[in-house]
Every structure is written in C-alpha cells, then in structure tokens.
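The following pair of complexes shares a single chain, chain A, combined with chain B in the former and chain C in the latter.
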Partner chain A sequence: MADVFLTHDKARELLIHLSANGVEAFGPVEKDGIHIIEKIHEQSPINFDYFITTNSIKEALFPRYEKILSYKISQEGVEVEDVPLDKSIVIMGGHPCDAASIPLMEKLFGWDYKDKFFLKRRENSVVITLACEEADNDCFCTSLGYSPRGEVGSDILLERVSDNGWKVKTLTDKGKNFAKEYADYFQSSLEADKKYPKLADKDVPVQFDPKKVKKWIDGHFEDSLWEKIASNCWSCAACTYVCPTCHCFDITDDATMWSGIRTKNWDACTLPYFTLHASMHNPREEHFQRYRQRINHKYSIYVNLFEAVSCTGCGRCSRACGARVNILEAVKMIDNAAGGK
Partner chain B sequence: MEQLIQKAKDLLSKKEVDAIIGYCATGKDEAKPALIYQAEDAGELIFNDRCYNNLAVYLTRKDVKKLKKIGIVAKGCDIRAIVNLIIENQIDREKVYIIGMTCNGVVKPGSKYASLKSGKCDVCKVRNPHLADLVIGDKVTEQVPMDKKIKHADLEEFEKKTREEKWQFWVDQLSRCIRCNACRQACPMCYCNRCIVDYNTPQWIDTRSNPKGGMAWNLVRAYHLSGRCIDCSECERVCPVNIPLMLLNRTLQEEVQRSFDFEAGYDLEACPPLTVFKKDDKENFIR
Partner chain C sequence: MSDNVYMPYLMKITDIRDETPDTRTYRLEFTNPEDAKKFTFKAGQFGLYSAFGGGESTFCVASSPTREGYIECTFRVMGRVTTQLRNMNIGDIVGFRGPYGNSFPIEEKFYGKNITFIAGGIGLAPVRCVIWNILDLRDKFKDVNIVYGARTYQDLVYKHEIEEWEKRKDVNLVKTLDPGGDKAEYGCSGWNGKMGFVPTVLKESGIKGDNGVAVVCGPPIMIKLTLPVLKELGFAEENTFTTLENKMKCGIGKCGRCNVGSFYVCKHGPVLSAAELAQLPDEY
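For the complex of A and B:
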C-alpha cells in the first residue's frame, strides 16, 4: 500500500470539520501554558507541538462527569429518560501510553456489569495516536511492555516525519475506513526531515519487573515501606484524575423535588472520604493506606482480575503531583525490596 | 546545609522532636518534602531555591498531629502559615520546633513542577524568618518593607476588566477545574476535618467537574480563605490545569486589607478579622 501522510494544518482542519459535522472530536489544545485534550470547537487553539498533554485521552471515553439518565416525577409515576449514545467520536492527540489504556479500561467496564456508557463510546470511537518523539525521567512505558511507538489501542498511528507532518499508519479496519472516508485531508507525499524519528524504545530504559513488584505487594500488605513510599502524599486526586487508566466513579443526582439528572462523576481512592463508611469508620484512614491502594490496584489486584497491569507508564501522576510523590520511584523501591526473593 | 543537618541530628537524637519535616533531593535538580524520623536519615535534608513546597501543610496531617513534638524547616512564607495555624488553635507553639531558613526566593523559572502564573517571591516581606526557634542562613535584605501595602500587578490588571468580563474570565477558568482537590490538600490553611465538599447529606456543593461544580467549589474555598490566605501560592502551583487561583485569593486579600487593614500570618497576637467579634466594628449589623 502506498504511503499516506497528514500535515498539522490538515489535521487541525479535519478536527474542526468533524466537530462541525456532529462528531465529538477530541484534540490537543494549548491553553494557559498547558496542553490538554478536550472537545474541539471552531475556535479551539489546536496545537500538536507538545511533549505530553496534562490530561489523558480518558476523558473522551470516560468523561469527568457524564449524564446517565434524567427523570421526572409526577402523579402518573416516575418517567425515566435514557441518554442517547450514538455519537461518533474521534480522539486525536494522545500518545501510545494513552491509547494502551483503552483495552485496559475495557476489561473493567466490560467485566461483570457491562457499562454501556464506556463500551458504546469505545465502539463509536476512532483513536488516532501520535508516536512519541520525546521522553522525560518520569516516562517508563517500556517497563510495562509498551513502547513510545506502540500500536496497542490505536486505530491510526501518526509517526512524525517532519516538523509539520506525520506518516499515517492505519492499524485497524476502523482506522482504514476513517482514512478512506476523509482521504481528502491526507496526502501521498511529504518531505521528510532526517531528525525524525527522535525516540526509540531504547531511549526509555526498562527499570523494573512488574511480576516481581506484584509478588512483593501480595506478600507485604502491611509493610513499613508503604509509609516511606507515600510519606509526603497529601491525599488529593491529581494523580488519579490525570491517569489514563484510573476509572473509579461516583454517582450523584442533580435534582429538584420533581425532576433531576443522574450523573457518573470521577472519584478517587486517594481522597480521604472515598472509603468512609456511614458509621464514620474509615478502613483507609491514613494517607499511605490510600496510596498503597492505588499501587496495589494497578500492580496486583488488576493483574489477578484481568491478567494486566493497570498502568501504562505515562508518568502523568508523577508530573502532576505537587508533593512530588513519584510512581516510578515507588515501584522501583518495591522492585528493590523484592530483590533477592 | 551543614548546620541544618547537624541541628536535625541533634534534635532527633536527643529526642527533642519525634520527626522533622524538611526537604530532600529528588535526583532531578528538584526538592521534595520529606519526613525524617531517625537521626541517621538527617543527612538527606537539603535547602535550596527549589524548596518551594509549603511544609506547614503537613503539621495538621493526622499522623503528624499524633506526634508529641515536631521540627519543621520553614521559609518566611511557611512561617506565615505556622503563625496562622497557631492563632487558629490548630497547633501548639510548644509542640513545634521551627528551623527558620533565610531565603532569596524559590520557584525559579524552568521547573516543570513549579509553573506559577503570578509572582510569589517578588512581593515577599519575610525573607528573614519572623518566628523561629533557630534561624539558619545569613541575613538577607528584605525587598519589601513590612509596612508597605502590596498589590500584585496581575490583580491590578484584572481589576481593569468590566464586571461582565471578570465573570466570563472566571467562568472560563473555573470550568476547567477537574475537582482533584490538589489546591485544598496543598493548602496549609485548608485543614478542616471535614470539608464542605465532602458532605453528602445534604450535598451542599456540587461534586461534579462541570462549570457549576467548578465555580461552586473554587468560590467557597476562596471565601473560606479570605483573611486567612498567607500568599504561599501552593494552590496555584499544584493545580494540574493551571487555574490562576492566586488571583482569586488576592482579590479577597485586597478586600480584607482595605476593610480591616489586615494581612495574615505575620503577627502571633493579631486575630484574623473574620474570626473575631469587636464591639467597635464599623458595620452596624454585627453590633
């Protein structure tokens, strides 16, 4: 098959075209000094020159808050209205560590209870990923078997060939159909710049063994190392909310006496009130117990349930943490502790 | 640094404190908060211009509160928080050993962990610690005299906007809030055992990360900090989505200064105006 290319300008045009035509298009915008993935509209300051976006693409499939139904109460009874879930979604701008989170979350949302909100959005979406050209000390995707140029979870992978364009790699039927449908935006040639690709797997060294980490966690629920790892954690949810795989939510009603909407909102195990019982007993009273839960869930519980670590090594949690709790350091400390065993 | 490490070792080995809250290196030219419990770990302590965290936030953490006596490495801005915590009866002066550090300003540009929109150190009045058991470091020149009323340039700029523009500005900014509570958890003055957003019977504040929830939460927090915010800018620094929270806090600081001629965190004897009742209050409704 002949090579296909896409320029930044055309990608911008494409996203705006999609958003104007009833597609929920998500793309990277530059706002107040940070890059975030958000829903695109006509005036969105779309920008593709970034190392990594602050938030992950998770928001496109598992929004910060999502209406799941609305209801009205009258003398005739309760009338419940479902939310239509038929919109097509296009997500452009995540990296392979974002895309890799989709199959991981799919395991959870498609598990015992089928969460139609996530699954339907997943089914309706085309995921267009940008291969990484840069990594920092917080990146560790290769330690979990992923790659800065990885294809897991993506329908199309864009590999930079110049400062203003990518080579297009269609990976799935969905991706192929998308490229065919919007062929006008793609082109058959683009002058390549020798400096690309800038990043290969070896530039992101493997730093620990997740199997060893799991084994240690399983035998050390009570261990003073947890207190050391999380000693400076102040229990906010910045780490979980920027994480591409954290998926906990809460359900609340926004209602008056006779009508309301029910929404599914992000929630986080790192917040003190996440596990507070009605009796006021809290099984995770202390900050380190909550951080332990976060690591434990990703590196052990998820593996028991779905045979996969629920972390893609993007390092967003470490970058977002104002207290400088660093997941890579944490997992490496565990890996070290597991040393001779 | 030598003096800091030596003092920490002494305090810990003589059991004068149970732990020391300080900074240690992250190995990336950055500093992070560290709780040191053993004298042999005191060597990890550092102090440099990357020590931007306000460590006073840890003084009210559950496990730290249980300790009998705690040492803390504190810059002037952190000491302002400690002063307020003492005034508000959250910590006992006797229980805290303050190692005051003279400071030439932290949060240098170029650190991805400390992107601040508004200047924090350029308006500092306490480069030399104003309350400490020991001061480490040479005396530095204060750039702003204590009696000078300061007004941040960004606030002056903001006040030029019309009411409608101001409202639109905050609607745009606050609808970006992801409700992660990093601002609250990083704030030394946000120590409520149960924050109003954590109440759900009834649910006073919308918990959703939408324009309504974002607005409700951030305004409630700003009001609760009025006359109490000590200008450390930690909330703004830790905000993952870069909301200019200090502009909001300073708007209220300005009001408090104008109405009550008060700035928080300098004087152990002064009470935050919104927490006291005075017979000579200038408002009629309260008398």
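For the complex of A and C:
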C-alpha cells in the first residue's frame, strides 16, 4: 500500500471541520504554555508541538461531568428519560500510553453490567494517536509492556517525519474507513526530515517488574513502606484526574423542585471523603491508606479482576503532583522491597 | 428495559412505618406492572434508592423474597438523600436500582440446620429479610434463634414483629438493651427482656453452634465482639455469615469506593462468611 501522510495544517483543518459537522472532535490545544486535550471548536488554538499533554484523552470517553439521565417531577409522579449517545467521536493527539488505557477501561466498564456511557462512546470513536518523539524521566510505559510506538487501543498511529507532518499508519477497519472518508485531508507524499528519528523501546528503559510488584503488594497490605511512599501526599487528587486509567466516579443529582438530571462525575480514591460513610466512619481515613488503595488498585486488584495492570506508564501523575509524589519511584521502591531487579 | 444500567425502576410508596424517631420503613411497589412481574431478588441483596432531586442511597432490601409484589427498605435519616426520602408520603415515587450483590446461601447452607440470628440496632433490617425468608419456609429448618439488641428501647426497630416472633412457639427470641437503655425517657415501660450487650447476652443464652448457621449484622464493634463468641459456642466460621457495608455510588462494580482489597462489596458481597471476612485486609 502506498504511504499516506498528514500535515499539521491539514490535521487542524480536519479537526475543525469535524467539530463543525456534528462530530465530537478532541484534539490538543495550547493554553498558557501547556498543552491539553479538549473538545475542539472553530477557534481552538490547536497545536501539535508538545512532548505530552497535561491531561489524558480520558475525558473524550469518560467526561468529567456527564448526564446519565434526566427527570421531571409533577403532581402525577416522576418521568425519567434516558440519554442518547449517538455522536461520532474523533480523538487526536494522545500518545500510545493514552490509547492503551482504552482497552483497560473497557474491562471495567464492561464488567458484568455494561456501562454504555463509556462503551458506546468507545464504539463511536476513532482514536488517532501520535507516536512518541521523546520521553522524560517520568515515562515508564515499557515497564508495563507498552511501547512509545505502541498500537494498542489506536485506530490510526501518526509517526512524525517532518516539522509539519506525520506518516499515517491505519491500524483498524475504523481507522481505514476514516482515512478513506477524509482522504482529501491526507496526502501521498511529504518530505521527511532526518531530525525525527524513531523513538525506540530502549529509549524508555524497563525499570521494574509488575509481577513482582503485585506479589509484594499482596503480601504487604500492612507495611510501613506505604506510609513512606505517601508521606508527601496532599490528597489533592490531581494524579487521578490526569491519569488515563483512573475511573472512579461519583453519582449526584442536579435538580430544581420539578426537574433534574443525574450525573456521573470524576471522583478520586485519594480524596478523604471518597469512602466516608454517612455515620462518619471512614475505612480509608489516612493519606497512606488512600495512596495504598491507588497503587494497590492499579497493580494488584485490577490484575486480580481483569488480568491487566491498570497503568500505562504515562507518568502524568508524577508530573502533575505538586508534592512530588512519584508513582515510578513508589513502584520502584516496592520492586526493591520485593528483592530488586 | 433500557440499556442504561443507571436507570432506576419507579416505585410508589404504599406503606410507611416509623420504627424509631429517625428510622423509617417504606413499602414500595412497582409503578409498571411489567417490572413487577419480572422482578426477583434473594435475601441479602441490596439496591440504590433514589429521592429524585436528592440523589441515591444504598440500603438492603429488608423484606423477604417470599413476600412478592413489593419490597421494603428501612433507613435512618443521616444525610441529604435520607432526609429527602424521610420527607416523602404515601403515593410518592422513589427510584430503585437493583437487586445487586450476592445473597445468603439459604438453600445451599441453611436447609436442615439450626439458624441463629444476631442483630444490633438497625442491623436487624438485613437480618429481618432472612428471618422472614426462613420463617416462611419454616419446616425446612430446625431451631430458629433470634438475639436482638439495641442501645435503648427507642432504638429497637420492627417492634411489632419482635412481639410476633416472641409469641411464636417455633422461635426462640432473646432481646436485650444496652445498660441504661430501659429508662422511661426512651419510651420504655416495663422491659421484659435482658439488659446487657449483645455478645454477652448471646454467650449466656444457651444457644449452641452444633449443626448451626449464624447470621450476624449490626454495628462493626458488635460484629467484632460477636464473632469470637460464636466460635466459642461452636459455630463454624464457614457457617457464620455477615454483611459488609461500605459507601457505594454505582452498586455495580464501577465507581471504585466499596472495595476491601480485591473484594468489591457490591459485586462479591455484601454477604460473606466469617472465614471469608478473616481473609480480607483490615480496611472496612
């Protein structure tokens, strides 16, 4: 098959075209010097020159605030209405560590009861991922079996070949159909520039063994290491909001006297009120208990339930932490406690 | 039925009983007869009850699956949702999602056994569901013992049913109040039960664990102190059942807050044996 390329300019045009035509298009925008993935509109300052976006692509499929039903209350009773989920979604700008989170989240939202809000969105979405060009000290995707050029969860992978463009790799039928439908935006040639070498797996060294980490966690629920790891944690939950796989949520009502909506909202296991009972009893009262839950959930509980670690090694939680709690350091400490490499 | 797992059934309040000044029981019936026809549940399961405009709250189904056509829930007024629920009247509409979670293994483990129920305070609600389930199939079981206690006379729930069980010849009921709980200020006049904490009263009750199954629900401290007594009386840990309560929002294994280690109270529980409980990390 002939090579296909996409320039930044055309990608911008495409995202704006999609958003103007009823598609929920998510892409990277630059705001005050940082890059975030958000819903694109006509004026969005789309920019593809970044190392990694501060947030993940999570909110395209799992919005931070989402209506799950609405109701009307009258003298006659209550009428409840469902929420239709028929919009097409295009998500461009995440890295392989973002896309890899999608199959992980699918396991949870499809566990027995099917949460259509995630699953239907997933079904309606095309995921266009940018292969990584660089890695920093917080990156550790390879430790979890992923790759900076990984294809897991993506429909299209874009590999940078010049200042202004990528080589396009369609990975799924969805990706192929998308490239066909919007063929006008793609092109058959683009001059490659040598300054964009491929980032290889070895550029992101493997730093721990998740199997060993799980084994240690399973045998050390009570261990002073947890307090050490979490001693700086403020319980602000920034780590969970930027995480591509953190999925905990709250359900609340927003209502007036006669009508209202019920919503699913991001919540976080690191927040103190998360597990607080009405009686004021709180099973996870201390910082370390909550941080232990976060690591335990990702590296052991998720494995027990779904045979997969719920972490893709993107390192966003470490970058976002104001208190410099670093998940890679934490997991490495556990790995060391389990007996080194 | 909708493919939206968060969509509640609509149920009408058809009966109200105030158990204590802050605890209330509602009888709920489906507004849609089709829903009523299809609905089944088992003893021990729970649901999310919603006051539209307030939100959802998790309680067990307190009525027995042997009583068809309605469910009952008993709740204490604690926060926003329960306050709004408390302010409702007969004919008002409540949302219900469920039934969720596992159930007491009645057929598998209770048939042919002596059954002992131990409950404290509002913990009688989940136990009451099993009690009626067992009493409605009475000939399948041997002795039935109920040990029920509350802080004060005022905190006893299902008072009429306690009287009913007390009168039955096929039920051995032991009721108790914590020391000082029989004062007139709690509405008590002439208490004819025991005075003392549930674990102590259980120990002195003469109940034996041979060929026995126990069901324990109540405040965490009561459960903690009761389990060793049951062991002493000869109840096997595999045949001692309790329920775990944790904060829940979804009830279906997604929202991430009710788990104790890898044990999701909403999916793997809420019912578990003392043997299973001993395996869980101490974080509930």
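What we mean here is this: the second predicted complex is superposed on the first by the 338 of 341 C-alpha atoms of A that agree within 3 Å, B and C clash if a C-alpha of one lies under 4 Å from a C-alpha of the other, contacts with A are read in each partner's own complex, and residues count from 1 in each chain.
As a convention for this text, contacts are C-beta pairs under 8 Å (C-beta built on N, C-alpha and C of every residue); 3 or more make two chains touch, one makes a residue touch a chain.
From a predicted model like this one, the values you see are computed outputs, not experimental measurements.
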{"item": "Chain B versus chain C as contact partner of A:Asn124, first or second or both or neither", "value": "neither"}
{"item": "Which of chain B and chain C A:Gln207 touches, first, second, both or neither", "value": "neither"}
{"item": "Partner chain(s) touched by A:Lys114 [first = chain B, second = chain C, both, neither]", "value": "second"}
{"item": "First, second, both or neither for A:Thr252, with chain B first and chain C second", "value": "both"}
{"item": "Which partner, chain B or chain C, touches more chain A residues", "value": "C"}
{"item": "First (chain B), second (chain C), both or neither touched by A:Ser279", "value": "second"}
{"item": "Partner chain in contact with A:Thr172 - chain B first, chain C second, else both or neither", "value": "neither"}
{"item": "Overlap of chain C and chain B interfaces on chain A (superposed complexes)", "value": "250, 252"}
{"item": "Complex contact set, residues of chain B against chain A", "value": "26, 28, 30-35, 53, 57-58, 61-63, 112-113, 115, 117, 176, 178-182, 184-186, 194, 198, 200, 203, 206-210, 213, 234, 237-238, 240-242, 244"}
{"item": "Contact footprint of chain C on chain A as seen in their complex", "value": "68-69, 71, 73, 77-78, 80, 82-83, 108-109, 111-116, 221-222, 247-253, 255-257, 260, 262, 264, 267, 269, 274-279, 281, 283-284, 289, 296-297, 300-301, 304-305"}
{"item": "Footprint of chain B on chain A - complex, ascending", "value": "31-34, 36, 54-55, 64-65, 137, 231-232, 234-238, 240-242, 250, 252, 254, 263, 265-266, 268, 271-273, 285-287, 319-320, 322-324, 326"}
{"item": "Of chain C, residues touching chain A in the complex", "value": "2-8, 10, 12, 31, 50, 52-56, 78-79, 82, 93, 95, 220, 245-247, 249-250, 252-257, 259-262, 267, 281-284"}
